[in-house]
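Please find one structure pasted underneath; my questions will follow.
Order as written gives the chain letters A, B, C, D and E; numbering starts at 1 within each chain.
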């Protein structure tokens, strides 16, 4: 019996405003992940959802920041799909994007969810995006994750009266 | 005879306010680590302990920051359990979380304890969390570590009269 | 059938001011990438294009920043070609440059496109730069990527009236 | 004949105030390194030496910052001993601590010496700490290194009259 | 026929003030690199050259910052030689130094040239430093690189009238 897994409670995210920034690279995968995130957000009563696109995962942090600077979002979900290729592009991009999104979390003090797959081959990407009916769509986890983190953030902000 | 090991003195942490942010992923492991940390904190006379949850380890730094911004905590313990999977998710998440928590230490100038296991398999996670009676519960170390670092911080702040 | 690939829409970048900073190292590759980026920018109606050079990829972030500080550019494309050599120079340079360009994106809040090849040998570099008629010229992707990200940035800035 | 090695001149560090932050983990090694650093500092006429402890190397940057914030130190030496274990703890801790101490150097503009061993086994740690009479005690290098860097810093500060 | 290589134009660096910070570790290599950089700077008509030393490469960013803070330099060249040893010291130091120097470039907005060799053995270091008449002295590239980047920086500053 595995100890692994994520068992998320149900949350009521009514009133939350969520932005999604998705990469266009490997769009079959990304589109499925975005759909999963949207489905999960709606299941938590989130209705204010904005979706924007950029070319690749490296462009996501800057775009997410543009959304955050608008003040129109309580949280942002970053969705991309990096797949290992022949060069070292995958490794350096992956590292910089993962740290760039972390920086946004700490600079803006709101949840910026990391929905970037870092796969070694196409099969892994399909399985984690629920493409062709394969595997679990991780986008669903990210939608609920966003709601939970936004609610925690709001709870502490309320205490502060800010 | 090994040179390895940690031999911590006994500390009196009475009056310290400690926050714990735990991930839900692999909750059997995380719950045990949290219990170990709480037990250690209480053994140091810490009674003001707040526990919050987020979905995964990547969400921990932002949540820890929310707690820190509230001004209600002298230190925060971050608890999570990352286990190597088929993709490179583990590697990039681990790096960004470890550096994100380090940033919080230096941005907020209070101890933000790194209690994230970075395991190659489930057995390693169980052993380090004392699950199923296996191994030592690292959470206990982190509780005492938090108290020691908080006391050192207070000692120097007192000198400064701040 | 592969799930990989990038299918970019057509954009109208008329009025955008784009800077390109290219490394001189491995100039056959870099010159071809720059030519590809310029061609793509022009196909999007971008006519205000400035090209500057520095010696190597490590020098690019500082030079890109100089351009950004001038206030004369809506976005910058960074073009370089790092090839694995006998020492570890490639690995450390690649990492620092990738993260340095990410920092510029977030510090300046404008698109700073990552056009640095990280190749294990010369053949990989040629293939990705369209040198000797081989492969696809990635510079073309970067030109269109720059336009898309600049337009997204402008759209949100306009909403803010800033 | 090797080209490797460090041949440090003799320095007069009279009047310098040096803090040392040491980890408790693997204290046989750390204590020896601290003793070596103190011996070297005294040989450079440094008499104002303060030693503080934290549990592990990850806690060192925050503690070093507390010392730096006190304004009572011209430089700080960070001493710890990380040894590779079964999980990836070693790798992520090592990276974050090395970069955290670098951040302190640049944030505080005073020398914060990196005295963290990153060993693959216990023998390497003993050899570099002069434990059991084995090898050279690296702590001695770090003591002199601290003095040299502090003197260089003072020289340029004096020119500025600050 | 290789596509690799660097073909730098000739620059007139008259009036530029350049600082060089060199490590003492492996001084045969570092001294040769410094000599190469100085020779190249002089060939570009740079006469205001200041050379300072610190113990190791890790100490270089803090020392380079001290020089930059003095306001007396248009650019700084960082010279060091890291050679892989038995522990992981090489890897972590290399990464932190490479990123620390990148930070200086972006914090100070002047060229801080990366002249740190990251070698797997002594032969690689000798070959890249022109020691014993072996190979090309990379220091020469770094001297010209510094001049080019300083001139680009000045060109854009002049436009701004700052």
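Quick notes on this structure:
Just so we're on the same page, a contact is a pair of C-beta atoms (placed from the backbone, for glycine too) under 8 Å apart; a residue touches a chain by one contact, two chains touch by 3 or more.
All values reported here derive from a predicted model rather than from experimental measurement.
Counted as hops between touching chains, the shortest connection from chain B to chain E is 2. Among the remaining chains, those touching chain B as well as chain C are A.
Separation between the centroids of chain A and chain D, computed from CA atoms only, is 40 Å. Taking each chain's centre as the average of its CA atoms, chain C and chain E sit 25 Å apart. The set of chain E residues that touch two or more partner chains comprises 95, 99.
The touch graph of these protein chains is a ring, one cycle where each chain has exactly two neighbours. The ring sequence of chains is given as C, E, D, B, A, with chain C as the starting point and chain E next.
Chain C meets chain A in the complex at residues 2-8, 84, 94-95, 98-99, 101-102, 105-106, 109-114, 116-120, 124, 128, 141, 144-145, 148-149, 152-153, 156-157, 159-160.
Residues 24-29, 52-56, 58-59, 61-63, 65-67, 69-70, 72, 83, 86-89, 91-93, 95-97, 99-100, 103-104, 107, 122, 125-126, 131 of chain B are the ones touching chain A in the complex.
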